[in-house]
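As written, the chains take the letters A, B, C, D, E and F, and residue 1 is the first residue of each chain.
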Amino acid sequence: MEKTRYQKGVDIINEITVTDNKEIGTHMDIVAAFKDIAPDLESFIVEFAFGDIYSREGLTKHQQTMATIASLVTLGTEPQLELHINVGITIGLTPKEIVGTIVHLIPYTGFPKVLNALKIVKRVFAQRNVKIDDLAMQSN
Amino acid sequence: MEKTRYQKGVDIINEITVTDNKEIGTHMDIVAAFKDIAPDLESFIVEFAFGDIYSREGLTKHQQTMATIASLVTLGTEPQLELHINVGITIGLTPKEIVGTIVHLIPYTGFPKVLNALKIVKRVFAQRNVKIDDLAMQSN
Amino acid sequence: MEKTRYQKGVDIINEITVTDNKEIGTHMDIVAAFKDIAPDLESFIVEFAFGDIYSREGLTKHQQTMATIASLVTLGTEPQLELHINVGITIGLTPKEIVGTIVHLIPYTGFPKVLNALKIVKRVFAQRNVKIDDLAMQSN
Amino acid sequence: MEKTRYQKGVDIINEITVTDNKEIGTHMDIVAAFKDIAPDLESFIVEFAFGDIYSREGLTKHQQTMATIASLVTLGTEPQLELHINVGITIGLTPKEIVGTIVHLIPYTGFPKVLNALKIVKRVFAQRNVKIDDLAMQSN
Amino acid sequence: MEKTRYQKGVDIINEITVTDNKEIGTHMDIVAAFKDIAPDLESFIVEFAFGDIYSREGLTKHQQTMATIASLVTLGTEPQLELHINVGITIGLTPKEIVGTIVHLIPYTGFPKVLNALKIVKRVFAQRNVKIDDLAMQSN
Amino acid sequence: MEKTRYQKGVDIINEITVTDNKEIGTHMDIVAAFKDIAPDLESFIVEFAFGDIYSREGLTKHQQTMATIASLVTLGTEPQLELHINVGITIGLTPKEIVGTIVHLIPYTGFPKVLNALKIVKRVFAQRNVKIDDLAMQSN
């Protein structure tokens, strides 16, 4: 039996955003926070953004998340960037891939957006206890 | 003997942008076009953008190009987007990966920037004779 | 029997975008143009953008279109702005309301985006034979 | 006797921004805050933005405010968005119209800017004691 | 006797935009082009943008024009950028100052906006017969 | 003997960002803050942004800083704007030139970005004990 768009969306959200740390929000928390003023946001985020877009075939979760992070750095919308850096860690992007995606954008977005994004990376890495020792060897 | 930043940059530009089709520009053409008014642009693009940024370890060429395309769609700078969709084809991103990266951004950039990017994709795919038959099977 | 999301979307698209002038595109033309490379875009535009978002209760079609135009002027994405100025005419926004929405944004977006938008307005008004005589009386 | 541009501007500012709650700023507070470093800002905001632009005929105050909110959501400039959500409440936009204008923009700006705007809406609704019970019935 | 805002604005427009080449537009042409749909735009551009803003004391015309060009490169609004590169030439910015202002922005806006701006510079320099020989010596 | 790109960059950073107030950061602090996750950022900022871009001939330090501030106001990236307003004070831009550059952008960026920038100016002027008495005489 085929899953509904809602169920597809919830499954992806659970897969990519849920962590042991209860302080770190997921997309279901966002949905819950706006239930009073925009109850249909739940459908738009769960069914459309995740059930439709994230469940497209063709890109891996790693690729989807790197594209998402690249777009959010360029937009400069920081709360969403924080959320998707967390997603990156949860699905197994390495610190090198997360930092690498952001630093790679310097020629396209300029330094300011990249530096503001890296500040968020440092905060999230600390909160999630990400080991960054080997990053020190990154430049060659 | 270690390669200079300039040589590193030229090597990467040759690897990712040169095609059989002489009508399709490469970054060396951009550099040449502005030699008269900004001769040091050659150093900034070849040595910094490619010799420094693109030669960082940590991301594959595929990952770098997907992040670049995601950022350029978000910025909406169309000549550069056209160039890097060409890069994507040259280095071997599949049509599904190129289109997939762009369509994945709808929840982040909205439809207008994605639609304008897909128009460029169609033009480049036609120019490069990219087979898109199997893309018709993309939605499931 | 409740209409499907797709039917809801098609009905709204027909209501707000179809004109006698076959040269003026509708959202169904956009969907058709990308059927080969992104066939699921039809669902995203028809079912999500129109079936879900445009069919929300709370705003009139006039209000939705003015908000859309204001957002597109601010984004600066010109093909979509042209399309939605056409929508404005089709659903009955007066020339004063269309021009008024755009000129009102000068303090928020600055002059450049407003001037570029007004250039499109002039082209669309000419193509649609919109009478603008009374607009000459607009300033008081 | 015709009102001066300054008087026209002050009258509109008083009409659309003044509330009983002294903690909620008006455009006159902004003007006062910058009197020391840019005294002519008072003229630019009161006389130009309000005396000229807001006093144009053609749009109602409701329409002007919805266009303003749509543009500010798209720009992502949060302090001004907060101010104009307050204006919306003061001039009588319903919660449904304010939330509806913002949610309508998802296809144009993407989710991040809309979610960041709705966070501000919740804060302002709480501060202004806006009843949002009936919004729970919004999706159909 | 003090000049009116309108006269102040016209004087500055004449000073900074009028050239021998009738094909190169001035701000008065913009005003004329929109007289039918937005007649009060004349007042907003001539009286506010030039009569108020450009006639502020504190910056020289050179400084105003460099700040304008830097902002327009960052916005990416090309018709206005073309106009103000023309202004730069008319008021006596050197080719080095015009190109220098734009190239200086690479770390802030990234390469795409700078390259698109330099393309416009080349077109305007050709149209205005600007000698760029000595620019070839620019990098040291 | 010619200075290295790194030494050129450090010299410019020292010249334009170092103050007596240890609480005010310099670009070397940014570099240090990201040494763990992106050690090569030091080279990109010191050698490229300052050693290459800021050491170009053609613009004075005053002109470079005004162009930088104009671009950052337009981008809306506030931490960098704060840093470069500090640079402006350190290299000797007058309060009138700093405020004048920002206010001059109202016709291009609109009021929101200018007002948010002026808020930062007030904070930095207070922290740096900038005398702004004579600015009160600015409008004439």
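Rule of thumb we're sticking to: contacts are C-beta pairs under 8 Å (C-beta built on N, C-alpha and C of every residue); 3 or more make two chains touch, one makes a residue touch a chain.
Small disclaimer: the values here were computed from a predicted structure and weren't measured.
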item	value
Touching both subunit C and subunit F (chains)	A, B, D, E
Chains contacting each of subunit B and subunit F, listed by label	A, C, D, E
Higher-contact pair (C-beta pairs counted), A-D versus A-B	A-B
Proportion of interface numbers common to subunit B and subunit C (over half same, under half different)	different
Cα-centroid distance, subunit B relative to subunit E, in whole angstrom	31
Touching two or more other chains - residue numbers and ranges from subunit C	40, 43-44, 48-49, 53, 56, 72, 75-76, 80, 99, 103, 105-112, 138-139
Residues of subunit C defined as touching subunit F within the complex	105-112
Residues of subunit F touching subunit E in the complex	48-49, 53-54, 56-59, 63-64, 66-75, 80, 96-97, 99-101, 103-109, 138-140
Subunit F-facing residues of subunit D, complex	30, 33-41, 43-45, 49, 72, 75-77, 79-80
Residues of subunit D that touch subunit A when the two form their complex	76, 95, 99, 103, 106, 110-113, 115-116, 118-119, 121-122, 125, 132, 135-136, 138-139
Residues of subunit A that touch subunit C when the two form their complex	40, 43-44, 48, 52-53, 56
